[in-house]
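Shared between the two complexes below is subunit A, which has subunit B as its partner in the first and subunit C in the second.
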Partner chain A sequence: MEKQSSNRATQLIEGLGSSLRRCICSVLSVGPVPKHIAFIMDGNRRYAKKQNLEAGAGHRFGFLALMNILKYCYELGVKYVTIYAFSIDNFKRRPEEVQSTMQLIQEKIEGLIEKESIINRYGVRVHFCGNLKLLSEPVKLAAEKAMNATACNSKAVLSICIAYTSTDEIVHAVEEACKEKRDEFRALDKSGAGYGLSGLGENATDRNSPLIDTADVEKHMYMAVAPDPDIIIRTSGETRLSNFLLWQSSSSLLYSPRVLWPDIGFWHLVRAVLDFQRNFAYMEKKRKES
Partner chain B sequence: MAVVPLRLHLSFTSSPRHVSRPSLGGLLPSLSSRSFFSSANNGPPEKGAILNGTPPAHYAAEDSVALPAGLRRELMPSHVAVIMDGNRRWARMRGLPVGSGYEAGARAFRSIVELCCNWGIRVLTVFAFSSDNWFRPKVETDFLMGLFERGLRDELQHLTSAGVRISIIGDVSRLLKPLQVLLADAMETTINNSRLHLIIAVNYSGQNDIVQACQKLAIKVKDGLIEPEEINEFLVERELETNCTDFPHPDLLIRTSGEIRISNFLLWQLAYTELYFAHSLWPDFGEDEFREAVYSFQRRQRRYGGQKS
Partner chain C sequence: MLELDFVRLVMFLRWLESAILDLGDEMHKFYARICSTGDLGLRLLWHIIHLFVSIWYFVVGLMNTLESFLISSGLFKRYRDLDISKVKYLAVVIDSEEALQTLNVLQLLRWLAAIGLRNVCLYDKEGVLKISQEALKLWLKSERMSNETTGGPLLDPKNISLEVISFSDGKHAVTKAANVLLKKHYLNGNTEKPNLTESDMAEALGKIGHGGAEPDLMLIYGPARCHLGFPAWRIRYTEMVHMGPLKSMKFGALMKAIHRYTMVHQNYGT
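Moving on to the complex of A and B:
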């Protein structure tokens, strides 16, 4: 009986909270809403230490915080969300920590595509961005399964950067662009178009027709699935990008609250969006000029 | 004017700049070329008049300068990068022509170069002019280029004797010929200096830097010198314009005027750089503000994705 009334009270409070959030989202939506927000989810291990939990527990709380933040973003109408789940640099951590993080990631990826998950509720298409060859087979399979299962979703996009660094992404894009050009040259040569590699070489030194341009590189980026982020939020107070979205961050507003990732809440998102709205007119002008 | 460097997490608490931004609309008032210059004269300032009234820069002997309180020599960043933002706003706030803002900014720049020399910082990269800045009114960009040329001519000998090496990154082909010649001459004259490497980014774009590196690699692939599969981070880095220094990655990036974004500066090179966003406008960024930025840097814990040591 007591448990029932306690559950009802919790449901009531959650309902009120949800209504209040929807109200605030409506107010925020009067102004420009960011299309794309990226998160560096920093502070899980410090959170575990602060709460005297075992080492891996911080990441579990971090996952709960992530689900809430995704919900708030999609309620607000943010179409693209990107998260920095695991950097290539993180492989340098203690093997036990890497393994337990990977196990958690695999478990949560499998949970993402369950029927009642937030992904299906909001029609989110999931992409995994990074050097997936570096992942163990089970994690890679789980990722591919999630991408296939959500391929038809089109209301929003969640990009999960895993085994990712921006410099690796750029190198990969350059490699693919060079391969593409090389294959083009070979095809032209074979077809006897008389174009020849040396002919193209001369063109390449001409300023007006470079061998590779910005568009060639950009289309091979892992993150080509989304526009550049409007806001990059890094929690725990550290103010650095740590090799995340370097290419795409040129015009992004950077927000670095001191809160640890598992403690991030709706109000932090509201503050980031308000700051974005304050800067919006100025940034639009800059975009039109360039 | 009291200026307080602002950490990112304080960015929401106050900023009159944010409130005034929509009404300014980022647009400059239309200025006649006459009113652009700070003096009452009709023409540009005379040669040597740029830094009138300021005492000459004092480059103390290496390691002889006592650092300000709280700074530790062994934790000094090797490479500091600066986005010198806020010159125009500084002038507008004082009801001065925009040119005065740039002149005041030039004074602040000279002061920071001096501090870097005296504090043992090895490399200072400054974002003098972005590729995106060409969209500003021509009278303004002409003034800026003129100021840059005059300032460099006036200071070159001083910088040379102080042991400063000058490098330029960015696409200089769009600059006027005399300035291009001056820049090439400055680089050649100072190439053997080793006290401070001053890298000036002119008509620079971080994305273009990466693309030009990729173009060079694409040509090597075309010529059969390398396979696409062999392209790695080391090869890309070697082709970036910052390959002129042994410390291409800034340890600390400072951006003034409260703007909290990178704006197409050194993108690849900033992978692990500590970012510091100061509320002061660039002309007001002096020794106290710089000390505060370096102090903040020295207190940070850099993990590079690994474990806490």
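Moving on to the complex of A and C:
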């Protein structure tokens, strides 16, 4: 009996909370709403230490916070959300920690494509952005399965950056652009256009026009699946980007609340959106100038 | 008789149809009025919320001004014993319109030199600072020389090494490096390098003159906290601090930002 009534009370509170959120979202929607928000989910380990939990538990609470934040973003009408789940630098951590984080990631990826998950509720298409070759086989398979399962969703997009760093992304994009240009020249050679690859290399100094341009590099970026982020939020008050979306953040508002990631809530998102709206005219001008 | 009834029925049905359409119109107008009042209400609420946010920022600004004044007057011990050696390379991002205030930029450089910083990189998106960099360097040099000759006691502004860059040193530089790598590794015909690495990229950037150091700290002078396209390759672990508009820059705020940086601990991902 008591459990029923406490369940009902929780449901009532959740219902009130959701109505309040909807009211706030409708007020915020009067102004410009960001199309793309990126999150650096920093502070899980500090949270675990603060709450005297065992080492990996902070990440589990972090995942719950992530699900809530995704819900609030999609309710507000943010179409693209990107999260920094695992950096290539994080592979340098202790092997047991990397192993347990990878296991948690695999477990959560598999949970994402279940029927009742938030992904299906909001019609979210999931992309995994990063050097997936660095992941272990089971995690890579789970990621590919999730991408295939959500390929038909089109209402919103979730980009999960895993085994990702910006510098690795730039090198990969340059490499792909080079390979594409090389294949183009090989095709021209075959059709007898008469360039000759080695001739091109020798006459390099004669050809002043660039072969690869910025658009060629940008289309091979892992993050080409989304437009540039409007806001990048890093929790725990740290003011650096730690090799995340460095190329794409030229016109992004950076917001660093002091809260640890598992403690992040709706009001932090509201604060970020209000900041975005205050600076919208300026940021739009900067975006148009690039 | 039947014909008359049929005509009456048709007329009645037509009257009913027009009455329903009129009712529909009225309801639509009523609904639109409620929506627009609702819309007006929401707009009013939105403006009220933003008014509160602006008041909050104004109050915070006043408190920061007071704190900067106290820091400049040397009240806090911790700001007097600043370990400036931790900041090996400083980047200053200035909004291009504010960068036109050359005298303010010069004053900022004087302050940085006075604090003890030796390596500074100035960035603005449009390249305004590139135009004024010769003037800035000349001014600094002449001030240094005049201080030396008059035996200025207070400041000993040693030579501050200045790098001035703009947006074209970011994405376009990477594209130029890509072309260098294309010609070196992919268009030779015989040798084909399987995988490019970050050091290949760094080497290519260095070859074309865009291999600058990575700043430890970045101070952003402008309306918003945004790095405005600073070369992506160089800001992996750079702490980015928003200092507000250039015209309201304060020495105390500069000290506070540098002090905060010296207290930061980075894991670099581990």
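The criterion applied here is as follows: the second predicted complex is superposed on the first by the 274 of 290 C-alpha atoms of A that agree within 3 Å, B and C clash if a C-alpha of one lies under 4 Å from a C-alpha of the other, contacts with A are read in each partner's own complex, and residues count from 1 in each chain.
In the analysis below, contacts are C-beta pairs under 8 Å (C-beta built on N, C-alpha and C of every residue); 3 or more make two chains touch, one makes a residue touch a chain.
Since the model is a prediction, treat every value here as computed from it, not as a measurement.
With subunit A as the common reference, the superposed partners subunit B and subunit C clash. In the superposed pair of complexes, A:Arg258 makes contact with subunit B only, with no contact to subunit C. By the document's definition of touching, both partners, subunit B and subunit C, reach A:Leu211.
In the superposition on chain A, contact of A:Ser5 is made with neither subunit B nor subunit C. When the two complexes are overlaid on their common chain A, residue A:Arg278 makes contact with subunit B and with subunit C alike. In the superposition on chain A, A:Asn52 makes contact with neither subunit B nor subunit C. Contacts of A:Ser191 after superposition: neither subunit B nor subunit C is touched. Shared interface residues of subunit A (contacting subunit B in one complex, subunit C in the other): 87-90, 92-93, 165-168, 170-171, 174-175, 177-179, 181-182, 185, 197, 200-201, 204, 210-214, 217, 238-243, 246-247, 249-255, 274, 278-279, 282, 286, 289-290.
Against subunit A, the residues of subunit C that register as touching in their complex are 42-43, 45-46, 49-50, 53-54, 125-126, 167, 170-172, 174-179, 181-183, 185-189, 195-198, 200-201, 223-229, 232-233, 235-242, 264, 266, 268-270. Remark: subunit A residues 87-90, 92-94, 97, 165-168, 170-171, 174-179, 181-182, 185, 197, 200-201, 204-205, 210-214, 217, 237-243, 246-247, 249-258, 271, 274-275, 278-279, 281-282, 285-286, 289-290 touch subunit B in the complex. Only residues 26-28, 30-31, 87-90, 92-93, 165-168, 170-171, 174-175, 177-179, 181-182, 185, 197-198, 200-201, 204, 210-214, 216-217, 238-243, 246-247, 249-255, 274, 277-279, 282-283, 286, 289-290 of subunit A touch subunit C when the two sit together in their complex. Across the complex, subunit A is touched by residues 7-9, 11-12, 18-19, 21-22, 25-27, 132, 135, 206-208, 210-211, 214-215, 217-219, 221-223, 228-229, 231-233, 236, 260-264, 267-268, 270-277, 300, 302, 304-307 of subunit B.
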